[in-house]
Every structure is written in C-alpha cells, then in structure tokens.
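Below, chain A partners chain B and then partners chain C, in two separate complexes.
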Partner chain A sequence: MTRALAGPGAATVAPRVAFDWRPVVRIGAIGGAVSLYLCLVGIVPVFNQRPLIIGVISLGQTALVLSLFATGFVATRKLTGTAGARFLAGGLAGGIAGAVLSALVLVGSVVPLRNVFLNASPELYDLLTFGLGTSGFWAPLVTGIALGALAGGFSLLRPRLRRSLYVGFLSVVIMGLFAGLIRTPLLSSPLENLARLLFAPEGLTPVGAVITFAVAVALNEYRRTNDLGRRYRAVPSDRRWTVIAPAAVVLSIAVLILPQTLGSFFAQVIAIVALYVMMGLGLNITLGLAGLLDLGFVAFFAVGAYTVGLLTSTGEYGIAQWSFWAAVPFAVFFAMLFGAFLGLPILGIRGDYLAIATMGFGEIIRILAGSDLLKPLLGGPRGITNIPKPFDVPPDHWLAGPNQIYYIALAGAALIAFIAWRLRGSHLGRAWLAIREDEDVAEATGINLVQTKLLAYILGAAFAGLGGAVFAALVGSIFASSIQLIVSINVVALIIVGGMGSIPGVVVGAIFLIGLPELFREFSEYRYLFYGFALIAMMRFRPEGLLPSRVTLRELHVAENEQPPDAAEGALVAQEEAG
Partner chain B sequence: MQVGAIERVTEVAIAVFLWALRVVVILVVVVGSALTLMSGRYSLETWSNLVVSGLTLGSIYALIALGYTMVYGILRMINFAHGEIFTSGAFAGYFIAVGLNSVGFLNASPLASLLSVVIMIAVAIAISTPLALLVERIAYRPLRNAPRLVPLISAIGASYVLQYTYRGLFGPGIYSYPSVAWLNELLPIGGLRIRVLDVLVVASAIAMMVGLYLFVMRTKMGTAIRAVSEDKETAALMGIDVNRAIVTTFALGAVMAGAAGVLYSLLYTQVYYLTGFIPGIKAFTAAVLGGIGNIPGAMLGGLFLGQVESIGPTLFLDGFGVPSPNQLKDVIAFTMLVLVLVFRPSGILGERIAKARA
Partner chain C sequence: MPLLTAQQVTKRFGGLVAVNSLDFTLEQGSIVSVIGPNGAGKTTFFNCIAGFYKTDGGSISFDGTPINNLRPDQIAALRINRTYQNIRLFQNMSAIENVLVGQHRHLHTPWIASVLNTRGVREEEAAALDEARELLRYVGLQGRGDILAGKLPYGDQRRLEVARALATRPRLLLLDEPTAGMNPSEKQQMTAFIRRLRDDKGITILLIEHEMRVVMGISERITVLNYGEKLAEGTPREIQTDERVIEAYLGRSGSGDESAAQRAGGAAEPSAGAATTVTGA
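After this line comes the complex of A and B, so read on.
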C-alpha cells in the first residue's frame, strides 16, 4: 500500500511515515471533477442567487467551499503523518481541485464553452474569480490550496471539537436555507425583535449567523455532556412508554394544529406531504412487506383520480355530480379491480420483470388517458376539471382550502398505518415476509405465491386509488399529464430513503423528498437530480433507509454481530458517529 | 380441506382469465387486421413505406437492446440507465453536427455528409463509453452482490441523475438537428424509393451488430464474456478476469447505444434531455422479446418490435375505427412487453441463461 515517495530524500527520512501522494492526487482529481460538475450543471450559479449569510456568502459559494474543503478533508482523513504532512496533503488535494476550476476559467476565456454548456457563462467565471474576470484565473487555485490546507488542519482537531464545529456550521446552513420560512411566522409573534435581529428578508444576517452558530454549539455540548441518548437507553424497556407516551401526545397535537398556525403556502405543502405519506404507506405493504417493486403505482392512482373526477365533477365530463365521500369507495373499488385485473397475469413473473411490467402498465394508462380514443370519456389532454372539495366551507373556515385535504390524508395515513401494523403480524403478513425473503422456500412451505402476492398488489392498488382520489380533490382537476412515471418513482424513492417496511421511515422520507423540494421551488430543476443521487447513495451506504424498522435493521446487521437488537442499534449509532 | 378447495377455485379462475386474455389479444389482432385490409384504404406503397420505417426504427432498437441483453446476461441486472447512455450519444452527435454545419462541411457534398455522420458517431461513442463505465463504477459495481432489487433501484437513480444532469448542462429545451440534405434524397431500390437515411441507419446497424457478434464469438475477450455470463465463479476459477469481462460488456453496450443515439436523432431530427427514456424502455422490451441474455435474440426482438410499432397501429386498430391510432403505438409496444413477460418470459429465441439460477 505505502509506496514511498520516489527520490533520494525518501530513504533518509525513513522513520517518518512516508508521504504517499498518489491517493491524495486521486482525491484531488475527484474533488476537482465534482467541483466542475457543480459549476457546469448549474448548481453553483443558480444557488448563487440566494444568499446564505447576507453580504458574506451565497448558497452557490457555500457549495463550492464545501466541495473544496471536503476534498482536502478526505485526502487527509486516512493520513497518519505529522501536522506538516496533513497541511501539505490537504493543500495539494484542494489545490488540484482548485486548479481544475482555474482551468475551466482559462479554457472558457478562449473557447466559447457556452455553446455547449449553458452555465459556462461570464457570471460563473466572475463568481469563481471573485469578480476579477478571466484575468483572475489563479483565484480558484489559491482558494483551493487554502481551503484544502485548512481542512488538513481541521483533521488535527480533537474529534469532539470537530463534531461541535460541524453541528455549528450545519445549523447556520440550515437556518440560512429556511430563513424566509422561519422569519415570516416569527414576525407576527412576540419574538418579532429576535426575528429582525437574526434575519433580513433575503436570508440570515451576519449577527444571526454568529448567534445561530454559538447556540447550536452550546446545545450540542449540553446534549453530549448529559448524553440524553444513553439516559434513554438506560430506562428499562418495559418502562419506556413513560418517556414515549408524553412525547407522542405532544407530537400528535403538534401535527393536528400544524396547518392552523402556518400560512396557506405551508398548508398546501404539508397537504401534499400528507398525501404522499398515505400513498407511501400503501406501497409500503406491496414493496416493504411483500417485496414487490411496483413501478405502475401511478396507474391505480389514475384510476382513483379519474373515478372521483367523473363521479363528482360539475364540469363537462362529470357524469353523476356526487359528493367526494360517495365517490371515494368507488375509486378504491375500481382501483382494486384494476389491480386484480393487471396483477393476475403478471404476478407469476420474477421481481425485476415485475417492476418493468408494472411500469409498462403505468405508461399504457397514461397514454390511454390522454388519447383521442378515450377523449369522449376522460377529456383527453385537457382532462376533467371542476372537481369539488370534500367539505364545502367558507374561505375563512378552519377546514378551508388545502387544510381539509391535509386532515383527510392524515386520517387516511393513520388508517393505512393501522392496517399495515395489524397485517404485519398476521398469517398473511408473515407469508408476505416469507415471499420477500425467498420465493422458492416460501412456496415449499405451502404458501400459494400468486394468490398471496395478488393480495399485496390489490391492497397497494387500493391505497394508490385512495391517494388518487384525494389528489383529485386537492388539485380540483385531473389531467393525463398528472399521471407520470415520476409519481410512482417518488413513492418508491420515499419508501427507500425512509426505510423499507418502516412507518416512521415513510413519514421522514416524505418530508425529505416531497416536503423540502416543495419548499424550495426555486431549485425545483435540481429536485430529480437530488432524487437520483439519494437513491444511489442510499443503496450504496444505507440500504436499510434513514429510519429502518427494527426487523430490517436486525436482518441487515445480524451478520456483523450477533447482538440483541438494542445493542445493534447502539452499535449502528456509534458507527455513524465514527464515520 | 375447505382452504384447499378455495385455492383450487382461484387457480382455475386465474387459468381461465389468462386464456381469455390470449383469446382477446388474438381476436383483436386478427379481426382488426382483417377489417383494415378489407377496407382497402391503404395502398401497397403505404404498407411498404411502413415496413421500411419499421425496419429503420427496429434496427435502432436492436442496437440499444444489445446493451440491455448483454448486461443482463452477465450481471442479471436491468441496466435502467442504458437509455440515458443513448441520450449522451444523441447530444454528442448534435453538438458535432452543429459545429460541422457552422464551418459548412455538413452539407458540402454527399461524401462530406457521410463523413460527418461517421465523425458524429465516433464522437458519440467516445462520450457514451466512458460515461457508461463511470456509471458502472459508481452505481453498480459496489452493489454486485446485493439482492436483486438493490442494483435496480440504484440504476433508476442513475437514470434520473443522468437525465437531470443533461438538463442542467444543456438546458430543458429541445434541440433540432441541423438538416443533412443528402440523407433525405431518395434511392430507387427494388422498385421502392427509399431515403438514404434509412439505408444508412440499417446498414450501420447491421455492420455494428455483425462486428459485435464476431467480437463475442471469435475473440478471447468475447469468450471470457460468454464464460462469465455462464457462471461467474467457475469463470474466475479458470483464470478469467471477471471484472474486466463485466467492464467490457458495459463498454460494448455503450458503443452500440452511443451510435444508436446519433442514428435515432438523425431520424427524428431532435434531441432533449429525456430523449433516451422511451426508446430505452422499448429496447428493453425488444431484449425481453428476443430472449434476454441472447444476442441474436436482441437483434431479432428489435426488428420485430420496430415492425409491430410501425405497422401495428394502422393494421390492428384502424379497422376498428379507433381515432388517431398512431397515438397508441406505445400502448401496443408496452402491451406486447407485458404479454411477452406473462406468456413467454424466455422470449422468442429462449433464454440462453439457465432459468433456474435467475
């Protein structure tokens, strides 16, 4: 592994650990590629329009600084040499990454890169060179060396101090990101003066950043010295409800009054999140319990949405003008019928084929819904409009607008969670788990594969139909273009990110993947880029998801250490903290 | 006893349902075709034009399908991001074409046009191949021994990353390929008048497929790939570098996809960040149709799918008086995908890979 630095000097300083420069150069090159990607794909220039700390740093600059700093840090992480070697390695790696950006500026000043890459604009070069234009091409190089060396020095700090600094910086970034959202409600509360001190309309003020940093570090130190996690684990497991129950009550109340305290924009966002939580819980039965990857979820979503649309619409294509509540059972029923109809032939086939076949269904339904063939019935691309809201209330009522959808979706989610929880331990639930683990063995133990899978598939379809019904009521219309494969992928992604088979995981996944992108509409272009990276990263580094169910966790980590679940959980936390 | 009886009943019901499905599909195809043909609305020339365009499209599907089938053969994994590799070829070809057009070379003479297409394909391959290897390195290699769904989900992620990377790099707009006059000239071949473009697409697709076939069947590396497809562990014991065989497979697929990207965009004269998605899924259909893991199968499946898609809407649906049947060509393609998966998952030529291990 350790190839000594070639040259006459290397042998004479043998007692010192030889400075292996190859991995450092490699990491520097990778860091340069990542930084270049961030620039050209547009993340740096687009995010640059949004300040993180007003007058100090923008989000785009933060992305670049993080990328260069991380390059230096990764390069020195595994180094065992002296402080000097660390600074040198960090500076070298950061310098290489910076040099790539310098090269971009230089090349861009000669070749019209913009003809190919939209973002290789003079604004980007100005940003990279601190406004010096192309004559300042050396600036990224110097910045890279400085940040890399700084990162090398950072790795010398005691882990605990380093952790505190991480928490501080992360808090500043989060506060900066959410500045607008936190500021608005604070302004109309007794904390108005605090809000004015911390935030300006565009972002965090420098004073606000310093205060945030200090508070975050202090809180983190408090948490560590008092080690709340260990104290919780010290509570015997049969007494833990005394801690959990009050927390659960507080959380439930908070969830229930949430839309009443926030503005209408927020209410819309959390209504969408709740809708996806509901659909995620539904697909969780199909995917998480039975292990069937259904990419045609959107087909049943469409059946539900169109059923409600047709039965309730007061517009051109409405056929019955029923109320939402009368239409919902039919929406669910038709979705199940479709599930049975589509599921019957395909459930005999293998897992990955099933994913493709179901995706094919989704596409078929989408094209049919928008086609001239079904236009007299479904309205073609113009869709069905004028779908009434479930509760007909005046605009200032507490159930007005998206709020009622939020509560309906919440109730639906609770119902589905309850069903999933009850099914899990049942005969059927265990049959599903057996199929998920190994189809052949499951069949050998007397489980009828097709029928058991069909039940999971139909249940998933029912919940998708319910989701579609609620969606139609939320938006007030349903078009063929709402039925995109992306809906299916969204639901699959949130389950995977949250943790397959885990109910809190679905909630966390929906907040991360649906809620956050809705809040940052200005970056919506990069939403699916982020999804893609999240899926790959989850599969590589944390296939069990962010909040895995205890069973999955045990299954995935039992090979590593035969410990009881609590200890395994503790080990995982420790492992995370070390990494 | 009671439970057993219910199971029997559902089993019979499922069997009846599947048979009914077969009968319905066959009825639609036969009756629809008969009605269309009897109506006499379409001349022989229309049909032959449809066949030629089906052949052109089909040979492009076949090129893409080869990448799916070879990767599936060697890793048992659906390379969902393959369509996006194809897009990279289409974009590379576009930028080269624009460059050549701006210096006036693209339409200078028929020879210059031909040379331009060759350069476009070469650059497309030079872009798509390293890209595919990068995806393999980042998203697939670390997951080689994971359960089946894990690499599939990672591949879906890679597909999204690539699509939205193109969007970020090149913008959301649709780019029009510069027109190449020579490609639209008509050649009289056997009583038919066929565009140069169609001849070029079919000829280059055939050349590449023959090349690939020879590579896989005659070279040492090709033998290694076939051995690894057969049995990874045993191949490794025989001293075959499994990793190199897998990487070569990805590279071969990317070469085909990059070239197909240029040909497809010349045919449809446009490219945007989602260009590769639908052809990708259809090429997968073609691979399954021919028998996944089977190289001649992928070629056959691609050509067959091209014909069905080209002739199908008119032949099967027009007779029923379906309005604008061409809107439904993807429905026909995807229905065929589902039907093949249900009734003959081993494809037309049968799966070369032992099914027991799948």
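After this line comes the complex of A and C, so read on.
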C-alpha cells in the first residue's frame, strides 16, 4: 500500500516518509569495518589463492562480495518503506562499506601501511580495484553501491524466491569449497567425465556452478512443494522404521566404503572426528547430563592413550608388547579408576570452582606426563613411540594404515553412542539430569549425590579413555604435548555447539568444530578466528545448540486416547467432590 | 508414640537464632500446620527436618530413628518428603520425568543392566511409568506429562511438585506454603486435595501456610512460631483465641513494641491478611 502511495521516484528525490538514515549509516560503517578487517587480517588475500568458480571468482572475492552484499541487505531488512527507499538504503550502506575499502586503497597508496599490516600489499589493492592499481581507488566504492543496491532489490523479492536463490548460492559456495576433495576420488571412478565437467582441481567449473545452482534450487523447490517434513511427521511412529531403515542401510554402506572411495585423507579426518565424538559423549555424561563442568577432561584421554602406549609399544618404554585389543580393556579400566580418583575429592565443589579444580587436574596430568620424574616410565617429552596398529596387515591390504583406525574409531563411537543413549533413558540418566537441574532438590528426592556424581565421572572417563586408546593407535605414539588444555576446551565447545545433553548434538558439534577445520588445513592460520566467531554467533543466536535434545515422549503413547489435556483441569475438582 | 519428635532444636545463622530450642511432636496420620509471621523460622525448621540444614543443637527423630545427622537422601529414604515455598521442579525435564525422578529410590537395576536393556530393566521401567502416569492422574495432570515442567502453568507446577514428592512414597509430607499464589477456588481445591492425601494414602502432613482460611479449615493442630520460638500450640479454636498469638500478629497496642507491629503489618501480603483473619475468624 505504501508503495502505491509513494512511487520509487518520490522516495529517492524527497523521502517524505521519514527515511531514517542513521541505522543505515551505522550498518554501512559496521559492514565497512568488517570488510576492512577481512582484508587486513589476510583472509581476503589468502582466500584469493583459491578459486570458487574457476576463472570467475575466488574465495577471497566471494568473501568481499558477501560482506558488501550482506551490508546492503541488513540495512534494508528493517525498512518498511518503498522500493526506492530500499534501493537507496542498500546502496548507501553498501557505498559506505565500499568507501572504507576505497579509503584503504587511497591511504595505502600514500602511507606505507605494509609496515604495520603485512597484508596491505599491492596485490590486495589490485584485488580491490579489479587490477587497476591504486589509481582505481573508486572501484570498491562503486562496487559497494552496486552490490548494496542489488541487495536492496533482493530484499524486495518474495520470501520464497529469495530463499531459493539463497539456497542456490549457498550450495555453490559449499560445493566450491569441497570441490577438490570430491573430485579426486571421483576421477578414478566411472563418474570421471562428470567430475571433470563439474569440478576443477580447486573450485567449480562455470558449468559446474550453474548446474549446482540449478540442482540446489530445484531440490529446494521440490522439498517445499511436497512438504517432505510434514509427510514424514504424518507417518505414525510405529511405521517410521520403513522410512528410517532404508536410509540407515544406505548410510551404513556409504560409511563402510567411504575410505575406499574417498581416499585415506577423508578417512583420517573422520577418524579424528570419531575420536572427538567419543570424548564428547564422555563429557556429555559429566557435563551435558550431570551438569559437572570438567575442564580437565583430557586427563582421562591421556590415561587411556598412555595405557595403550605402555602395554603395546615395541619401543623402549613398552612394558608388555601386548596387542591393541588386549590393552584396550585396561585403558578403559585405568581411565575409570582415574575418574573415581579425581572425582572423589571434588564431589562437593560446585559450578565455577569445579571448572577451575578440574582444569588444575588436567594440567597436573599433562605436566606429570612430561616431567623428569616420570621420564623413566613415560618417556617425558619424547613420549612413547612405536605403538603398533591394531591389525597387522600388509600395506596394500584394504585395512592398511589409517583405514583400520577409521573403522575402529567409528565402531568405538557407535558403541559409546549406544551406551550413552541407553544410559540417558535409564533411571541413572534421569538422576543425572535432576542433579544438573537442582542438586539440593535431587538429593532431597532421594538421590545419593556422591554415588551418582561419581558414576558420571567414572563413565565419562571410560569413554574418554577409549578415545585415548584409539588415538594412541591412530598416531602410533603418545607425547605429553598431545595432552593440551585446548583439547578439553574443544570437547566442551563441541558439546555446547551441538546442544547440551544431546547425543546427535555431540556428533554434529564434532563435525563442525573438529571435522571442518581438519578439512581446510590450508586456512589453519584462521582456525581459531572462525572458531571464536562461530562460538560467539552460536551463543548469540542459538544458545540451545545446533541439535538440542528433545523431550522423549513418555506419557502420551499410552494415555493419549484417555482424556484430552483440557479435561485435566476438572480432575482436582472431581477429586474434591469425591472427597 | 509420635511419628516425628523434635527436642530443643536450635539453628543459628551467625548471630541470628532462626530456630530456638523448639520442642515439637507430630502424631501419625495427623494434619498439622506451622504458622507465624514472616521470618519466624518456619521454613528453617522444615529445612532442619528435611536435612537441608544441620541443627546446632537438640535432636529430631522420625519413627524412633534420629535423623538430625542424616543427609537429605537418607531422610528421603526414611520416607519423609517435601515441597518448596518457591517451586523447585527439574525445569528442563518433562513433567513425567520429574515424577520418575521421585521414584529413583525404588528403581534398583544397575546401570550395566540398563545399557543391556535386560528384561528386568524393561519390566521395572514399565512399572515405574505406569505408577508415574497414575500419580499424574491423581494430581490432575494427565495428558500433560510430556510438557517440560518449566513450561507448565503455575498451578500445575504446584501439583507436579506434590506428585514428585508422592512418587517417593512418603509417610510424612512437608508442604511449604502449598496454596501460595493461588486464587480462592484453587486454594479450596488444594485444601480438599491435602485432606484426601491423608485420608486415602494415610500420609501424615505438616504444612506451613499463611492463608488462615486454609490453616483453620484443614489443621487438626497448629503450632505458632515467633522469633524462632514456639509461641503457642493447640487446636484451631484454641489458637484463634490465644492472646499471645493475636499480639504477635498485630503487635501490642500502646506498649511501644513498634517492631512487632511493623513486622506483622509490613510483612508481605499473606501475613497482613492473616492477621485480620485470625481475629475475624
């Protein structure tokens, strides 16, 4: 209606409907600061080495384009005004952000910025000005205005269309990132020609980008028009296995043949993710269920790893030269023993104090492992080496190298997930949750706090010990330097990102926080930057985690037909009349 | 023999004597109220019985067993349970899970059996679920068991707290202001419900309550606390006419004892309302 009253022209010439420019300028300035940061911290130049669509756009350029476009889009999003006002606001915000980059080029051409900012190089200026050098300083400004206005136009589209385009572009970016990883294994398969058509050695081909975009949009439209989510929910719960079972079979086959098809690099990354899933599920019991924040969790991991190291190593510190399989039960057992040993003295400590105390324990274990005191036993900083692989097979066997660890780690993670799932549903799991919710009330309800908390420590430690055992076999050695505080923090973070107390959440958290950084090793410099950014964004926008645990329906599957919820209101009255 | 006996119970917080040499007995199967102005030590006394606080002197025994040095979970095992003045549910668990936590003490299968999901575990869980559903129905919460406890409306949360306490199969139930924040008709329902608890299940009930209509209507005996000491004890009729009780609630007129008057009058709405009810009833 507003659009009909004031045409686009009216808004651009004389914005009568009070055009509030202040938030737009503020967003523009923020966008400029973000873009400037991306350039100076080196993300744009480093990512520029890697193409997204070969010959068209690099990852670095994508980052810049996205930040300018997002600036324009955010600036127009809260606007209720006319189409013209939207273009104006987008262009203004994008222009301000672009102007900041123009200023960078201008200043950089006069002042030797490079003495302070290593990344403020001529290459960066060339990138910003499309190869025009510093004389093209106006280029970012114009680009910013254009992209901002484009974003303004984008915000005018119908939400459904906008969402489709959004999914399409996102798919292109994701496929572009993974293109190299997907292409390599496909080249040695019957799909070789398809791989060559879609993927360059790094990034997508232009044809591949168009196809990816089209397929993503089509799939998204198909999903929406058919409303698959609702159709699945409409399936009665006792028939759902007909949908789940085939999916599970396909998934397990894919998982089993994965190292053979995608190569051992992928297998190794997934093995590391599985290791963190094991530790995550362990800490998920102590922290996610029982609410005991343990920042020294790596200690149990270390106990498991050193036990396997000592018992199996064929090197100088090995004491038994057992097989991996004989050593694993001992690794788990000793980890549990340590769980009890560390758990007992800190049972009465709550909250922040507990976090500090456990962190202290973790550090003690790390320092002890690397100390001269235990050097004759654990090898000090040089650690225990020559830990044999669990299966002794020739190098061309399908189980050779990291592949076997992949299967062992996956099996271990699956076993632990199963145990964790059963525990969560048991009365012990409920007692843990009750302690997390309100310790005093839980105790007054008849829960023995000492026993229950200690079990949480012991079982959590067992899981981490198994993770440590697999780690020792994966790497073939264990050093004191592997037992870093950051490992504990990673595990806490992946639980929080995944969703406290949620088993699928741990898996998703491990994939995001451990798997992705492992896949993009070339950007490892920025690993913790993205990590921190992701954590802050999570806490700000989705504090319950990516896959929060859901309420298990326990009452309704029996009682649902008896009485509708509204009838409950009358129950007390009925009782009163009866009594 | 009385079910609960407290002798010379004292609880201090620094210099403040919250409960001072209190003698108290409770007969099996009775409904007894503890009343008194705000800060009189009622909830502190409850916390001493439930094991939340260690007493600084005196002794409490339940059915002949001394309980003043036991942990809260041991006291719960003797079948004493309670509700709380400010509702304290396990908010992020569903209503029925709250009740199931109350049954924790009766579920004995070890965790390893739970992992293997043995037949014993399945049967125990099924029985526990049945009992929990039955309890939800008993307090009028059927159909709401799968709602997160924290998302239930206020009145339902009060009922759920009672259901959780009942799940521990208590012989003595301590109710800390069970009708706080309820409207008159809800209060009436709750009063009838408490009486049913005693009549149907034979549970002895000790309650703290500010609402005099509830107290006078339900209690067989009433104990009045003031400054941590027992001021009076007796049947509702005796308490209503007791000079000292009226004095404690209204303050001694003209004697200059300003603080007592202020405490009675200035205390939160319930006790001010209570004062008028005591004299008016």
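Rule of thumb we're sticking to: the second predicted complex is superposed on the first by the 533 of 579 C-alpha atoms of A that agree within 3 Å, B and C clash if a C-alpha of one lies under 4 Å from a C-alpha of the other, contacts with A are read in each partner's own complex, and residues count from 1 in each chain.
Keep in mind that, in the parts below, a contact is a pair of C-beta atoms (placed from the backbone, for glycine too) under 8 Å apart; a residue touches a chain by one contact, two chains touch by 3 or more.
Because the structure is a prediction, the values reported are computed rather than measured.
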Touching partner for A:513 - first (chain B), second (chain C), both, neither: neither
Partner chain(s) touched by A:492 [first = chain B, second = chain C, both, neither]: first
Touching partner for A:308 - first (chain B), second (chain C), both, neither: neither
Touching partner for A:355 - first (chain B), second (chain C), both, neither: first
Touched partner set for A:456, first chain B, second chain C, both or neither: neither
Touching partner for A:539 - first (chain B), second (chain C), both, neither: first
Touching partner for A:328 - first (chain B), second (chain C), both, neither: neither
Which of chain B and chain C A:448 touches, first, second, both or neither: both
Which superposed partner A:405 touches (first chain B, second chain C, both, neither): neither
Chain C-contacting residues of chain A that also contact chain B: 448
Footprint of chain A on chain B - complex, ascending: 7, 10, 14, 17-18, 21, 77-78, 95, 98, 138-139, 142-143, 146, 148-154, 156-165, 167-172, 281, 284-285, 288, 322-324, 327-328, 330-331, 334-335, 337-338, 341-342, 345, 358
List of chain A residues in touch with chain B within their complex: 37, 40-43, 115-119, 291, 293, 344-346, 348-353, 355-357, 359-361, 363-364, 367-368, 370-373, 375, 448, 450-451, 489, 492, 496, 525-526, 528-529, 531-536, 539-540, 543
Parts of chain C lying in touch with chain A, wherever the complex brings them together: 50-52, 71-73, 75-77, 81-82, 84, 88-97, 100-105, 107, 109, 111, 114-117, 121, 125, 128-129, 132-133, 136-137, 139-148, 159, 164-165, 168, 188-190, 192-193, 195-196, 199-200
Chain A - residues contacting chain C, complex: 419, 422-423, 425-428, 430-431, 433-434, 437-438, 440-449, 455, 459, 551-556, 558-560, 562-565, 567-573, 575-576, 578-579
